[in-house]
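The structure appears right after this line, and notes come after that.
Order as written gives the chain letters A, B and C; numbering starts at 1 within each chain.
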Amino acid sequence: MNKYRWTTLSIILAVLFASTGVCFAQEGSNDALESIVNVQKYNRAIHIMAMLIVGFGFLMVFARGYGRSALTATFLLVSVAIPIYFLISGLGIFGEPELEIDRLILAEFAAASLLICAGACLGRLKMGQYMLLGLIFVPFYMINEWIILGGGLGLLPGGAFADTGGSIVIHAFGALFGLGVILEMTTKNEFDRAIESDATSERFSMLGSMILWVFWPSFCAALVAPELVPRTAINVIMALCGSTIATYFASVAMRKNISIADIANATLAGGVAIGATCDHATYPAAFVIGILAGVLSTFGFAVIQSRLEGMIKGIDTCGVTNLHGFPGLLGGVAAIFVIDGISVGTQVTGIGITIVIAVISGYISGKVLSAFGRRAEPYEDSEEFIEAAP
Amino acid sequence: MNKYRWTTLSIILAVLFASTGVCFAQEGSNDALESIVNVQKYNRAIHIMAMLIVGFGFLMVFARGYGRSALTATFLLVSVAIPIYFLISGLGIFGEPELEIDRLILAEFAAASLLICAGACLGRLKMGQYMLLGLIFVPFYMINEWIILGGGLGLLPGGAFADTGGSIVIHAFGALFGLGVILEMTTKNEFDRAIESDATSERFSMLGSMILWVFWPSFCAALVAPELVPRTAINVIMALCGSTIATYFASVAMRKNISIADIANATLAGGVAIGATCDHATYPAAFVIGILAGVLSTFGFAVIQSRLEGMIKGIDTCGVTNLHGFPGLLGGVAAIFVIDGISVGTQVTGIGITIVIAVISGYISGKVLSAFGRRAEPYEDSEEFIEAAP
Amino acid sequence: MNKYRWTTLSIILAVLFASTGVCFAQEGSNDALESIVNVQKYNRAIHIMAMLIVGFGFLMVFARGYGRSALTATFLLVSVAIPIYFLISGLGIFGEPELEIDRLILAEFAAASLLICAGACLGRLKMGQYMLLGLIFVPFYMINEWIILGGGLGLLPGGAFADTGGSIVIHAFGALFGLGVILEMTTKNEFDRAIESDATSERFSMLGSMILWVFWPSFCAALVAPELVPRTAINVIMALCGSTIATYFASVAMRKNISIADIANATLAGGVAIGATCDHATYPAAFVIGILAGVLSTFGFAVIQSRLEGMIKGIDTCGVTNLHGFPGLLGGVAAIFVIDGISVGTQVTGIGITIVIAVISGYISGKVLSAFGRRAEPYEDSEEFIEAAP
């Protein structure tokens, strides 16, 4: 891979960014109360950043051979996604958020979805390709966001699709996009080599998982009105408690002994699934959604994954289909039963559109990425990183 | 242990939870300012969650053989404690908090106390037993909370006992309950096998300790009125600074070289001890309380622990007596000297009642837990977890 | 080193602290809105504490031989710096902040600068010496802060120097002070022994780096008015995105393969450099400042460091010159180009004064510290800590 190509790309990007950036200028609000509410949003934005960088980053460290590349890729993916989102959003094509702080949170949502997608491809891309993935992913993500939530193209009435915490537009989209990418990017001999973890990489992975668990309420409540924040947060916590307990029982039932990978991942499925209904559900409903999501996700890791991988001939390294794909879809569908007066047609259509856009654009992205190098052998950190002692 | 028994228990629990959950429904406040204050409480609730999950979780990882079980148990204990607290609180027996967000914080306090208790039992329970411990612990905790803080049974005047940050009702209660449990649950041959740590498990343990240190001000100030938050937070920080400095000097003085276990634990004793007076103390008083707590806690780890364990024939795995027991009691007593116009009788009685309830209910719980399996050999992760490479 | 000397010192310190502490007493604000704004500041103070303890602490764990001492030193440095800052600030010599919460944040800034300085000396001081360093550092830091920001001695007009996020008074000051210390404290045979890291210490180091990255916006926006918080935060994030992307490209360009130490450190240079202009820059300007800082910092690690160390015959263990020194100065100078109507004279004079005070007071401190023991051989944790299994 030619590094000058990348440098050129980066310079173009920077110039583009700088030239359009001027339209971001915005004055702070003069209303004291509104300013305070915005600072509270900012605070949730920081929590989300902890999830993106520390949470997703360390969750991916379970693979002991990819520690440095997974963490570096996380840094790079976030650092590409957020300015690109600001850049495109500033062009005004897809409408503009009213407040800068909302734009930041929406950009973080895009970065979360991108990180989910990248989890499927872990160990298959070089650093430059991760950045390229970010450049391609964010526009597709924004098109889907615009169609589903913003009424883009008039396919759905704006604001009618229920997905406050992003079960569909963030989690399922990212997972399915990743599935599209790996259709093209997996090579046969990856099936012969299991991804290895060890006691230390497992504990780092649990750290990532725990950071995600802890700050998840801020993710779902990020853009919610102040008076709904407590209810939303408690719903998310109830869903996470449900999926955590369910994951333990399901892991033991399906595998005889507990898999720490289930514990690190499927415990979070409640957070994924409650997204669509987090500001509407009652606590018991949230708890039950969490239980269902935990069981479904564990079933995904224990049973579905190997079959699906054989079927599509692609390896989903972090199992994002099981953590973000199925539970995300579950959450989107659960909204039909949980939210009074929801339009079933809108909800179903929105889910369908998201699936189609994600898989197709993911597949296209895989094609593009493979033009920049497709691997025969699994990635090792030592290819791109200076070696330390083991 | 019969896993179907556990499954049944879990289903009963879920149904119970769902059936009573409906009474949690609550509308958000319509007052803008009040909503904002509640969001600030929510924010401290997230900080507390970081302490519970990442803080307590990783603090327990010092034992290199229990990494996966300690982290998984932490997830499960929190996930059991919070819904159970909501469930029982929703029944209205012990009175109900006015605001949902207060209920969440009180549920987190219960989870903190439970995690302290579990720290005493680490390496002695299987995952199912940890959950059972949670089911038993929370009601006892709530009875004590109700008697001491809520005026339950008319033993103490409601609201008169000084314990804003929970030195007595959270820390001492959890530690003494744990002491009660291990009276019954320790087996003789545990005394022959020292708990081993290594350089990596020690650093993980320090991570847990640091997360607790950092967010402790939010724990103590969680339910404090906005105008008292800065003072409370600074008092907590002063106490932690005091105990940190004192721990270093005490560890060197008592052991010749520094024990990293002292640093990971006794540095936090200031946070434990300042709880009772965090919103009343002056900064110098807070600093001095921290120094005393740090010395006391280090003395506990270096000198008392082995004698006490021999005496009661029980092993306190994480030394919670030294970190939460003695410093908690110190804090409760310090209130008598620090708070103007405090009722000495109320304070002393409340401490006494807490000690009695904690030890007795802990002992009963130990009896119940041992019916579900009492170990001859120390626990190893490999009993319940699928093995990874070492 | 005589440990009784230290104990005596500590008692004197405690008494001093207690006797003057009384003047800190302050009543909470009665204005509801003001109290809420103060709680929001408190919240950013907690974020900063996470950076100080977990961020700086773990960033220093990259050296596998210093894990326990680096983390313990971090605890001790913060625990000394904050009370000392309160103590001196309470004396009123340098003027007093209006609000207690502002004083806490300013004390945390001093602790950050101290930790930066300590990073240069890592592996050269014993625990007692770190504390002594804190005792000496904070007064010098406060003199500089007073002269540069508070109009002390009338050298600069108060409030005219642009440095909201501390590029100069926090980062450059700490780094240059550290440079002064190591002039005196480095021994020749330290040059023969490279500092070793391993896969685990590298991942811990990345954890520290990520915590710093995530919470950096709260550092820069800590004392900013509510209506400017979103803009400030986004500027910081843009700068960090810029330095992160730039670091990757620069590391590959300068070293052929990526150095994880570059990724852990130089990615943060954007946060350092944006400090001086964080509340004034436009987003594209912030992004560009970040890119420049990332390249400069990586160049520092890859090229300048070894030459500079040879020249001054001192070893900068954590490379703080490259992360905090050069990018801090870059940020201070950038203010001249970015902020409309800035006084160039004031900015240049302030930077110059800071450089002079930092290097001279650092050199003096090095002299004092070496009186308490100067090492012939590099430090090993085992000198002061009880050994665990490796």
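Methods note: contacts are C-beta pairs under 8 Å (C-beta built on N, C-alpha and C of every residue); 3 or more make two chains touch, one makes a residue touch a chain.
This one's a predicted model, so the numbers in the text were calculated from it and none came from an experiment.
Enquirer: Interface overlap for subunit B and subunit C, more than half of numbers shared or less than half: same or different?
Expert: different
Enquirer: Rotation angle for the CA superposition of subunit A on subunit B, to the nearest 5°?
Expert: Rotation angle between the two copies comes out at 120 degrees.
Enquirer: So what's the Cα centroid distance for subunit B and subunit C, whole Å?
Expert: From the centre of subunit B to the centre of subunit C is 33 Å.
Enquirer: Give the residues of subunit A touching no fewer than two other chains, as numbers and ranges.
Expert: 33, 36, 40, 43, 64, 200, 207
Enquirer: Flag every residue of subunit B that touches subunit C in the complex, lowest number first.
Expert: Subunit B residues touching subunit C: 33, 36-37, 40, 43, 47, 64, 196-200, 202-203, 206-207, 210-211, 213-215, 217-218, 221, 225-231, 233-234, 237-238, 240-242, 244-245, 248-249, 252-253, 255, 257-260, 263, 267, 282-284, 287-288, 291.
Enquirer: Quick one: which bits of subunit C touch subunit B in the complex? Just the residue numbers, please.
Expert: 3, 6-7, 10, 14, 17-19, 21-22, 24-26, 28-30, 32-33, 35-36, 38-43, 45-46, 49-50, 53-54, 57-58, 61, 64, 67-68, 71-72, 75-76, 78-80, 82-83, 86, 99-101, 104, 127, 131, 200, 204, 207, 384-386, 388-390
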